[in-house]
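Letters A, B, C, D, E and F name the chains as they come in the text, with residue numbers starting at 1 for each one.
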C-alpha cells in the first residue's frame, strides 16, 4: 500500500505555497491526501465546494494526490485513510510555534501518526491564504499568489 | 499575614498545567488565590460556575489555595486581596512575548504588585486550555490533559 | 516635492508610541501622511471621526504632518499620495514577524513603495492601542499611554 | 534503490534525541545515513573515532541505518550517497531559525536535495549535545540524556 | 531558616539590571545568595575578585543578600546553600529560549530546586553585561548601566 | 548638506544583500557612508583592504555612496561624519532581537543618531556573509551570493 501522508488545511484558497508543498511531498510519500478540515470553529471565506474544486484542478496531473474533506479530528481522518504521516509546511517562527503545538497534541491523540515538516520554498514564504484573502477583500489582484487555473470570484459575498 | 500571590486566568477549563503551576507556587508563597477573571471581552467556552467548581475540586487538598472570581482589572483584584505578587506560567516564546506585555501594563497600573513567572513543567508545555477545547469540540478525548476529577460535559452547547 | 511617507494604522486610539514614531519620522521625510485605513475587516473600538480628531489634535504643531483616512489597499493610498515610503514602527519580535509579512505583500503589489521601519522608543515598547483598550474596557486609567490632549470617552458604548 | 536520507551532525556526543530522530526516520526513508561532518571550523569535544563508535553502537540493530563521516559541504556528501533527502530535527524556535537558513543555503547549492524536518519528541526537546557537554564538564552525570551503551570518558582531556 | 534563592551569573560586570533583580527578589525570598560561577568554560573579562567586590559594594545595605562564588554545577551549589530556588531574570525572547533550556537541565539534575523567573524592569531590558563590555572595549562610557559605586578599570588589560 | 546615514558592518565579505540595502538606502538619504568597523573584538575572515576594495568596486557607480573604515564606537563615527542616521538591514527574528539591542545602546550613547531599519529583499533574506564564508571554507561556490565583480580568493589562508 505504501506510505500515505495527509496534508490537511482549510485551503481558503489554495496558494502557490500549498502547490509547491504537495509537489515536493510526492517525492517522499507514495500517496498524498490533500484534505480540507471542516471543523466549524473557523468559518471559511470561500465555500467548501469551491475550495475542493480548486484543489482538484490544481493537482489534476499528480496521480499520487487525492483530494478530500473531513469533519472531526485530523488524526481520526488519518486513521480512516490509513495514513501514517501528517504533512505540514513551515514558513515562519510563528508557524513553528503553532505547528509544534499541533504536532504534540496529535502525537498525544495518535502516537502512530508521524508529523513531517517541509520548509517553504523561499520565494513562497509569505504566500499565505490569509494574505490572498486580505488583498482580495481590498479589491487588489492576488493572482500572483495563486496556482494556474485558480481564479477567485469577482466579488466578496456580503 | 505572609506573602500572597494571585494566579489569574480563565481556566476554561483548568488543565494539568495549571494544577502543576499551583502545586509549585505554594512552595514559594504563603497563600495562592486562583482567580477567574470575567472581563467580558473574551467569552468563555464553559460557564463560570462549572469552571469554579473544577478549580475547587482540583485544589481541595491544598490549604494555602483559595478559589475566587473577579471583574475588572487584575491588579485591582490583587489590591483587594492584599496580594503583592502576580503568578504566571510560561510555556513558549509566544507566551513570553504576551506575558512580558501584561507584566509591563500591570507594573504601570500597580507598581507595588510584582510579577513572578514559573517555567511550565516540560511534559506539560503543550497542555493548554485551548488545546483541550479544540479536542473536545471535535469529539476527541482530552482527559489526559485534565486534573483528576475534572470531567468535561458530554456535548457542546449549541 | 520631496520624500513622502505614509504612516498607516487604525490608531484605535492613537498612543504616545504613535506620537513618538511620527516625531522621529519628520526628521527623515519631508512629509508624513498619518492615515487611518478603514478596511472593514477589523471593526474599530472608537468611531473614525473620533480617531481622526485625536490624530489632528496630536500632530497640530507638526507642519510636515497630514492626517487622512482611506479605503482599500494601503499601497493604493500611497500611490494616490505620491508617497514612496511606508513607515512602520517595530516593537517586538511578534511585530517583526507580522510586519515582514506586510512588507513582502506590499512589495509584491507595489515594488516602487519602500517599507521603512523605526525601532520603538524603549520606554514605549509596550504602549499599544490594544493595551489602552483593555485597560479602558476594565475601567482603568490609561491616560499615561495617551498623548496630551487625547481623552477617551467615559464609557464603552454597549 | 529506494529513498535515502542523510542525517548529518557533529554528534558530540550522540544523545537520546538523535536516537529518537533516527528511529522515526527509518519509518519514512528506505535508508538513513547518519554522518559526522568534520569541517574543521568547529572543533569537537570528543574524538571522531569515539563519536563514530557511539553511533555504531547506538544504531547496531537498525539495518536501514549506516554510519559515516565526511569532509566538505553536506550536500556534496548527499550526492556521493545518492541521497535525495536531508533530515533535520527541530527542537526550538532558535533551532528553526538556524535550520531555515541551512535549508536555504543547501537548496541554493543542490536543489535536488530536499530538506525534511521532524519535530523532536517532547520529552527530548531539551536533550542536546551541548547540554550533555556542559554537565559533563562540570562533573555532573549526563547519562539520562544518552542512549543505552553510550558512556562518556571519565575525565575531560586537558 | 526560611526560603533561600540562589541568583547565579558571571556578573562580568554587575549591572543596574542585576541590582534591580536582587532588590525585587528580597521581597519574595528570605535570603538571596548572589553567586559567581567560575566554570572555566567561559573566561570572564574582569577578574573574579573585582567582580565579587562590585557585588559586595552593590548589595552592602541589603541584609538578606549574601555574595559568593562557586565551581561546578549551579544546582550542586544550591544544595550546599540549602537553597530551594534558582532565580533568573528574563529580558528577551532569546533569553527565554536559553533560560527554558537551563531550567530544564537543572530540573533533571535537581528536581527539588525550583526555577523562578522575574521580568526585567522595562527601562533595564537592554542593560546587559555584554553591552557594558562592548562599550568599555570601544572606549565609551558605560556608567549609566552600572550600579552606583561600581567603576570599571581605566583600560583593558592586553 | 542633507541627510547622511552610516551603514556599518564588517562586510566580510560584502554580499548581494548588502548591495541591495545600499541601493534602497540612497532613495531615502542624501548620502550613505558604508563603513567597516575594525573593533578588534571579532577577527575578520578577509583582510580589511580586500573588504574595502570590494565595497569600492560594488558601489563605484553610486555617487551618493562613500566607503570608509573606523575604530571605536559606531556612534562616534556617526558624529565624525555628521550622520544623523544609522542604517541596518533586518532579515530574521534573530536579527531583530540583536538589532533592537544595538539600537537601544546606540540611543543611550548618542540620542541624536536615529536608527532606521530596512527589510531585506525576500530573495536575499538568507544571503549573509557568514553563509558565504561557510560555503567558501568548505570548497563550495558562493558566487551566487556575491555582487558582480566581487571574487573571493582561491584558498583560505592557513
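Definition applied: a residue touches a chain if its C-beta (ideal position, glycine included) is under 8 Å from a C-beta of that chain, and two chains touch if they have at least 3 such contacts.
The shown structure was predicted, so the numbers you read here are calculated from the model rather than taken from an experiment.
Between the chain pairs E-F and C-F, more C-beta pairs are in contact across C-F.
Distance from subunit B peaks, on a Cα-centroid basis, for F.
For the pair subunit D and subunit E, the fraction of shared interface numbers is less than half, so the two copies use mostly different residues to meet. Here the CA centre of subunit B is 39 Å from the CA centre of subunit D. One simple way to say how far apart two chains are is to compare their mean CA positions; for subunit B and subunit C this gives 34 Å. Here the spacing of subunit B and subunit E, counted between their Cα centres, is 30 Å. Computed centre separation for the pair subunit A/subunit E is 47 angstrom, with centres defined by C-alpha atoms. Residues of subunit C found to touch two or more other chains are 93-94, 97, 100, 104, 122, 125-126. Every pair of chains meeting the contact definition is listed here: A-B, A-C, A-D, A-F, B-C, B-D, B-E, C-E, C-F, D-E, D-F, E-F.
Those residues of subunit F lying in contact with subunit A across their complex are 93, 122-123, 125-126. Contact residues on subunit E toward subunit D in their complex (touch as defined above): 39-41, 72-73, 76, 93-94, 97, 100-101, 104-105, 108-109. The part of subunit F that touches subunit D in the complex is made up of residues 92-94, 125-126, 128, 131, 134-135, 137-141, 144-145.
Of all the residues in subunit C, the ones that touch subunit F in their complex are 3, 24, 27-28, 84-85, 90, 93, 96-97, 99-100, 103-104, 107, 114-119, 122.
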